[in-house]
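Below: one structure in structure tokens.
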Amino acid sequence: MTAISRRLTGARGSRQGMWMLPLLIALAIALWLSLETAQFLNGENLLNLVPQAMPLVITAVGQMFVILLGGLDLSVGSMISFTTAVLALGGPAWVLIPAVFALAALVGFSNGFIITRFNVHPIIATLSTQYILLGITRVLRPVSGGTVPDIVISAVAGSFLGVPMPVFWGIFILAVAWKLLYGSRFGLHLFAIGGGVSSGVEDAAHNFGIADRRNIVLAYVICSCFAALAGVFLAGRIVSGDPNVGLLFELDAITAVAIGGTQLSGGIGSLHGTVIGALVMALLANGMNLTNVSPFIQTTIKGAILLLVVALQSRKKMGL
Amino acid sequence: DDVSLLDGVTARAGDNPTVEAGKFKKDPPWVIGMSHFGVNANTWTVQVAHEAEAAAAKDKRIAKFILLDAGFDQKKQVADIEDLIAQKVDAIIVQPVTSTSADASIAKAVAAGIPVIVHTGRIESDAFTTEIQGGAEHFGKVMGDFLVKELGGKGNIWVLRGLAGHPEDTNRYNGLLQALKGTDVKIIAEEHGDWQYDKAKKLCETLYLNNPEVDGIWSSGADMTRACVDVFKQFGAKIPPITGEGNNGFFGQWIADGFKSISAEYSPAQGAAGIRAAVALLEGKELKKHYDYNPPGWDIEKVKKYYRDDLSANVWWPSELPEDKLKEFYAKK
Amino acid sequence: MVARAADTRARATEFPERSGACFVKTLVEMSDIRKAFAGTAALKGVSIGLQSGSVHALMGENGAGKSTLMKILAGVHQPDSGAILLDGRQVAFHRPKDALEAGISTVFQELSLLPNLTIAENMFLGREPTTAFGGVDHRRMRREAGKALAELGLTLDPGTLVSMLSIAERQFVEIAHGIMTDASVFILDEPTAALNAADVEVLNRHIRRLKDEGKAVVYISHRMDEIFAICDTVTVLKDGELVGTRSLAEMTPAALIAMMVGRELADLFPQRGDAPGPAMLSVEDFRITERSKPFSLELRRGEIVALAGLEGQGQQRFMRSLVGQYHPFAGRVAIKGKSLPLPVSPGGGVRRLQAMGVGFVPEDRKEDGLFLGLSVAHNIAAALHSKRSELALAAGYQRQIADTMSSLAVKASGPGAAVGTLSGGNQQKVLLGRYLAADIDILLVEEPTRGVDIGAKSEIYRLLRDFAKKGGAVLVLSRETVELIGLCDRICVVHNDTIVKQMPAADATEHNILDAALGANGEASGAGGERR
Amino acid sequence: MAAAFANPVMRRLLRVPPAYYVFAVLLVVLWVARPNMLNLNIMGIFVRQIVPLGILVLGQLLVMRVRSIDLSGGGVILLINYTISSGAFPGASMAFFIVLALAIGLAVGFFNGLMVGVRRVSAVIVTLAVGIVLVGIVQYLSSGKPPGDVPGMFADIYNTKLGPVPTPVIFWVAFSAALSLFLSRTVFGRYVTSVGENVQAAHFSGVPVARTVVLAHTLAGLFAGIAALVQTASIAVGSVRVGLDLPILAVAATILGGVVFGRGEGGVWGPFFGVLSFALLFVVMTTFGIDEPGKLIAQGLIILLAAIFYGIRQRSS
């Protein structure tokens, strides 16, 4: 019994963070919804749920890479808006799509470079990037509009072999993230660097001969590229470019990561936890709509549930 | 036509298709869903929600009115409309977050046989069933024309814009530019105050201290006008001609201080108009596809008729809220 | 070819070697190394040569520059001037990775494992084997890590997170990481600071293996016996300068100490105390866990009592349950006659005990003890401030700080110096100083001299004895048996979560302590009446 | 070169937080472009605009020094603004509202503190969630009763001056000075420093760690309540959306002022000048008529460049 409760709440002796409790909460919400409303389990709604959750899942997974390092990327919201704006500039898809990822990589590189080489706090570095990118986005696209390449729209809204495209996105993203995090030396080194940061010995991993700066930069590049991917997905979903679409997305992403048990001080966390965290948030939004919870009280409920989930995740360490 | 949606709303002239009678006819009770772009943008948007709820409550045939709040989040609006479709509501009213965000899901709703009414925000697609659109350009132009007239076609103005990137902001501003075309009225400062009192106050203070010489102020409305008037009063300066909109607080200020102004009309009762359009469609009445809401500006005389000293600054005129609701919501105690 | 071999041999003969077993050559030469930190010189032109098949001791007082010299060789610091020759070729290491790749493997003095990685991951960090798909080959890592641990006599699961390990276990993992690798130079910077005698023997076996394989080993330790047991050559540093390099065959401990300290050290340990006074701390029927046997313990005024035993036998758990870190199963504790209700609260235990005049000095000074980034003054005054309420005005305590620094002979540029820049021994003095300054009459000390040089050790012993003589009482927990015998009045040997034997320190020998600690002594386990 | 860096005066100078020179540079720019604006009257009004942020920052720096963060300030401000303007307490006196605001702030801060210091929950998420709940409460309440007018005396006090300087500015400066003294002179200040440097070591040297964190958060909540009063007085009307971007700005100003998680090199005055820099930045950009996108880009670049400059200098020392 104590073993179970330990696993649920503490997960000491594992670096995955506490993900089981959020999983239970996600299941509880799903169970409540399927009992409460007939529509929840209907195929249409379940198919809605996947694309509704997808941008958050993508962004949160990207954000997780930098959070594992003990970093933070506040620029992902702007990156998403920026991506939709670039995609809606008009032009052939084979130019625009590689271009957005090249630009995202550049932004991520610049974040990482500034943080590692110039000793700038991640919050300051990425907050500045957030402002700068938003400014550029507003120049490119003062108001929403423009047309997104057809291929992007069909890649989001279409289906293949009867399966809606977002499902493939999900599989692809999880596979890439899984390979990066668990199937490579890079992933292990991320945990190592984060472990050093969270235990207060910033260069512990460096002393093991790990190319830490390079790995940190890489993590920020990955985070930006995932945000760009979320931007592409959203552009396909809203069928236009929009300077405000990513507004406050960074906070949602960070919240999803934290709900999933990843610790913001670095070194502890998991991919599945992050996905669960994003699902909890999406289920909550969907559930409250389906059960006709008054929009006036939805925010409170959302906040209260967040509070509950994190309050149950007490940790050994105090802080962020 | 026999459907009256709202005072000042007329069917658009020119190419305007008809939604044929009976197309969406359904026996009551009805379930009507509404996707609001952001209830808590400001007190005006709150009132729109209240006007819609009150109108829905008045019609006994509406069994259920589902209000969803996108909170300015287009992703959420798309999800909200999808959720409404999943719940098989009989009609969907959309206040779009942006001109394109809701397009795909509106098309989905229409494909599912659900009529879609769009108001307070134009969209690029025309997949919807019917729309009631207050012309943002018209709104801006009414204000611009007033300034041009007051200034005798010549002078320097400040421009206080709303939320950057919001279509309403851009369109109102475009209306101003139309009004200024060919005149000698020059914009010497142009800033975004996000339609908020505190931001606008900071802006006006800064602009004033930079250079108090200004002949007129074009304010994109909401609480910004009141903030700017307060700044001039605080410095003991003469208030230049300034534009405003139908806010009770602003009305009180205008009446008390007697500066030159105009109030462009943009009624929160558009929320009720949306409900009436939905009901008309479900009753099987014939509607046009496009309705315009381009009322003239209000002068001080009209303002005096509407102003209510016993209500707080946060009521917006004209309103269709019944007296008891007005009292309940806004009474100053 | 011939010329090169002759050349090497010629150089090798400059350094006489005790072990003639294999072909001896100079692997590393560091010459005239200088290094300054923020203005203060840590190394002032030190030269040293490391031979293959030889264990080279590096000795000197705290702050002499031993770790700095080795960190330069390990690529952590870059020298301000001087040259490093590796196999006769000049090299420059810009980061640790460069040194690793050049075949220099280091066990650093400060524990620096990553707590969130497993033992296996820590051991292979930076050089993980990969699978055909480019992923980390966890299976192989665990297998090989398990083998390496077994060779060091440990039965830990290589999949355990390091955060779950005790300090000694971590130290072993660190050693395993350092020595179970394919390198030609091994640096061990105080590897035994957290180890007890039995563990040290295991380590020594491996060092001898490395030596037999023709590797060069640098061994830094403040424990004289270890140096004489396994080292061939010794280099002594003092204040960043080279005192000399000698073959250990021609040295005696006294001569070595004189070389380090610059004078003969009369007595390492101070005179024992007189007859002890009334009980200060009494523990009755204490049971650490549900299954452990009860024990009682009395600590009297003027007494220094030791808790001895093998690693993880419960001595630390007992001490820390007094400050609330663990909940003991049962027992009664009285401090100066006032009873201390058990369990003590985990958050407020330390404060409560301080209010009763008891100070607890934690073993891990870096993690649990010091504020490395803050000044010496702040570190010393911390416990003084803790006695007062939040809203009280903070006194400067200049006098207490100055007194403490001078009575402990803390070597620092002043009270404003950050503690993190002091050497290990001086850090330890600051830590002890904090509690000595705070008007406390019972001290619970874990590892009073971990990583402390012989001169400072002797000072710390004297400090603790003076403290006892002035009416205090000390309970000490240490892995160094010699230290316990020399310092204490009475020794309690802990085995299996209970005290199995108490003896006057005057009668104790390393042998009979180890006997009791191993539980070999039938009387202890028999008399208590085993339940199963 | 190394000797120059070793000089204690030099080392101190190298540690001057970026906020100071951002402020200095902006002041020079303004002095060149609009010398007439550099007088006490005008500057007083500019500074008054950011007093709510300034007060919020005082709380933020306190919690950041104990390695925590408080993102709930926006929610506190909104809730207090709503409570005062909703007319739910007809005829209540100024004192009543002040007590009410402080009580709300204290309660929220105390809750945050318990969660972070005792439960040891992630500070970012807890305070973010608390902020969301508070905003949600206002949204819920305003559906029943939208916010209305703020009692006139708030604006009256807000508009008073002491000599040429607006009262809110004097209040802020005095408040900052008081906090600065409080932190440097009391035992609590030492506790904060200890906990920020090393929680474990603080615990073992007898610092009441949890209590220190709870107290820091409680004070931050209290300060948010005070910031809310000033903010409410400055807008004189109820709102459903006020002050929501303040917490993240407060974090940025605090870091610019040299206080990062656990370390407080900039003390209280570093963040103070961080806030002043933001005030001047706004004025300079408005003065130069920089448009919205330009403002964003310039703001981002200036913060970034300052931080990079500081980072490089710190590294070289």
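As written, the chains take the letters A, B, C and D, and residue 1 is the first residue of each chain.
Note that in this section a contact is a pair of C-beta atoms (placed from the backbone, for glycine too) under 8 Å apart; a residue touches a chain by one contact, two chains touch by 3 or more.
Composition by chain, UniProt nomenclature: A = Inner-membrane translocator; D = Putative ABC transporter, permease protein.
On a predicted model such as this, the values are computed, not experimentally measured, just so you know.
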If chain centres are mean C-alpha positions, then the most distant from subunit B is chain C
Indicate the whole-number Å distance between the mean C-alpha point of subunit A and the mean C-alpha point of subunit D.
28
Here the gap between subunit B and subunit C, centre to centre from mean Cα coordinates and rounded to Å, is 73
Calculate how many whole Å lie between the centre of subunit C and the centre of subunit D, each centre taken as the average of the chain's C-alpha atoms.
45
Subunit A touches at least 2 other chains through residues 138, 142, 294, 296, 298-299
Could you check subunit B for residues that touch two or more other chains and list them?
39, 49, 164
Note: subunit D residues in touch with at least two other chains are 135, 139, 142-143, 198, 209, 292-293
Which of the chains are touching one another, listed as pairs?
A-B, A-C, A-D, B-D, C-D
Quick one: which bits of subunit C touch subunit A in the complex? Just the residue numbers, please.
74, 76, 95-97, 100-101, 108, 112-117, 121, 125-128, 130, 133-136, 160-161, 163-164, 367
Subunit D-facing residues of subunit B, complex:
39-43, 46-47, 49-50, 164, 189-192, 196-198, 201-203, 205-207, 209-210, 223, 226-227, 230, 234, 249, 312-314, 328-333
Residue numbers on subunit B that touch subunit A, as the complex places them
36, 39, 49, 64, 66-69, 71-76, 78-80, 82-88, 98-101, 103-104, 124, 164-167, 169-170
Along subunit C, where are the residues that touch subunit D in the complex?
36, 38-39, 80, 323, 347-348, 350-351, 354, 360, 362, 367-374, 378, 381-383, 385-394, 434
Could you pull out which subunit A residues touch subunit C in their complex?
12-15, 179, 182-185, 187-189, 191-192, 194-196, 198-199, 201, 204-211, 267-268
